[in-house]
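Two complexes follow with chain A in common, the first pairing it with chain B and the second with chain C.
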Partner chain A sequence: MKVSDVVEKLGLKVLSGAKGLDLEVTGCYVSDLLSDVMGKADAGQIWITLQTHRNVMAIASLKDLAAVILVSDLLPEDDTAKQSEEENIPVLGTHLPTFEIAGKLYALLTK
Partner chain B sequence: MNLFKADLHIHTVLSPCGDLEMSPGAIVRIAASKGIDILGITDHNSTKHGMLTSKLAKEKGIFVLCGAEVTTKEEVHCLSFFETPDALETFQQYLDKHLSFVKNDPKVFGYQVVVDEDEQILEFEERLLISALDQSIDQVAAEVRSLNGLFIPAHINRPRFGLLSQLGFVPKGLNPDAFEISNGVTPQAMKSKYPVMANSAFITSSDAHFPDAIGGAFSMFKIEKRSFSEIYKALHNIDNRSVWPANQAKA
Partner chain C sequence: MHFTYNVEGGNFTRAGYASSEIKKILKQLNVDLAIIKRTVVASYEAEVNIVAHAYSGTIFVDITPETILIKFVDEGPGIPDIAMAMKEGFSTATSKVREMGFGAGMGLPNIRKNVDNMNITSEVGKGTVLELTMYLQ
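Showing the complex of A and B:
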């Protein structure tokens, strides 16, 4: 499944990094501690978080993540969006809180 | 040049987790008995006990840095200090404007009170002071810098509320005045793991929330005299001034 399929099926907004919509999604990791994501996330995963700092994109790039979903209508900071464009890793948005979007993505990926 | 013992991270009774015995007067008495020369008063997201502690400390020959321990949007704790009462007041207004409103429940977090020098209660702080600001670490750092203050990420190597746990690594361009480290980690160890810290100053402090903890960890300053500008010079290794962590077994 591609990031674009997830966007379409879950009704996500593409906030930045649209060039990365063709990336393959292998799974998902949910955490708001960046140190934890750095240690435990795997390549190809979508990362669900409420953190909007530019370090999010540095870690997404380091770990070769497929995309970042910001929950609860949060928006990336300007330099976060800029880095998402540069790295071609999409930042996606949803009005749903973490529990609900994670549940929907789990259902989609384990279908 | 002279050597001064500094504990720059102390909570008063105003902090939700601060012991009721941590009045400015008591902190000064204990600091004097432990030979501390410089105190940093850093309540969670409030500066309101700084000036009183400074006044009482002066009578005992102790120099006080007034500031706060700020909780950024990312839940990174950062110490901030200001030289003038005006800058401190301006920063208090910034905290008031940006602290999320969560009502304190004294049964859970204890009372958050501002007292006078006779330890009479002047004010109950209604908002839970350990909530976070709606400002990023970069925005807080910029605000502190605009007021010519000192910006020092607190206990950066702790697993909770430290810069490294919350943000993974030091954001590019943050350039703090120093890093506070804890749990016996050495500046050398931090520098070899994080090259961005190669030229940084490090401090250790007690993060005291109750009287016995004051001075349990401290830093040594080599400066001419105790003043804000001399401390700034030590943090930036200017004119042969310097600072280093001096761990001591917990009191």
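Showing the complex of A and C:
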């Protein structure tokens, strides 16, 4: 499944980094602790978080993540969006809180 | 091959820049992907520790066919009790830093888990030296 499929099926907004929508999704990791993501997330995963600052993109890039989903209508900070464009890693948005969007993505990826 | 990077204490917008450069170099050298991944985790955590806990620092990278050596030298408050600092969950990070999702006290444990060898020395009031080694063969 591609990031674009996830966007379409879960009704996500593409907030930045649309050039990365073709990236292949291998799974998902949910955490707001950066060291936790650094230590445990894997390449190709979508990261669900409420953190909106630029370090999120630094980690997404270092870990080769497929995309970041910001929950509860949060928006990326300007330099976060900029780095997402530069790295071609999409930042996606949803009005749903973490539990609900994670549940939906889990259902989609394990179907 | 030698590379050097400067790290500014307190400047979180640039945190991860040096680690990203190191990752690019290792990729260009066709280093085994599993080793790159482990190196990147350790390097990022050590870089962020300079940003979060020290005033300034320098990263020295030395790559040979046998090893990747990365030395993080900082000027900062130093670590009074290294054994305590190594413990999962121990952190002196400020609440502002914690709100950003840093300061979970998982950095040094993450480093230990991912490198082949780590050596840390510190002098209170002066700074900290962290040496990481990855074996390529």
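In the analysis below, the second predicted complex is superposed on the first by the 111 of 111 C-alpha atoms of A that agree within 3 Å, B and C clash if a C-alpha of one lies under 4 Å from a C-alpha of the other, contacts with A are read in each partner's own complex, and residues count from 1 in each chain.
We take it that a residue touches a chain if its C-beta (ideal position, glycine included) is under 8 Å from a C-beta of that chain, and two chains touch if they have at least 3 such contacts.
For clarity, every value in this text was computed on a predicted model and none was experimentally measured.
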{"item": "Touched partner set for A:61, first chain B, second chain C, both or neither", "value": "second"}
{"item": "Which of chain B and chain C A:34 touches, first, second, both or neither", "value": "both"}
{"item": "In the superposition, chain B vs chain C on chain A residues touched", "value": "C"}
{"item": "Contacts of A:2 with chain B and chain C, given as first, second, both or neither", "value": "neither"}
{"item": "Touched partner set for A:19, first chain B, second chain C, both or neither", "value": "neither"}
{"item": "Partner chain in contact with A:104 - chain B first, chain C second, else both or neither", "value": "neither"}
{"item": "Chain A positions touched by chain B in one structure and by chain C in the second", "value": "33-35, 38, 51, 53-55, 58-59"}
{"item": "Touch list for chain A against partner chain B, complex", "value": "33-35, 37-38, 51-55, 58-59, 77"}
{"item": "Contact footprint of chain A on chain B as seen in their complex", "value": "73-74, 136-138, 164-169, 171"}
{"item": "Touching residues on chain A, where the partner in the complex is chain C", "value": "32-36, 38-39, 43, 49, 51, 53-55, 58-59, 61-63, 79"}
{"item": "Contacting residues of chain C [partner chain A, same complex]", "value": "12-13, 15-17, 19-20, 23, 37, 40-41, 44-45, 48, 100-102, 104, 106-107, 110, 113-114"}
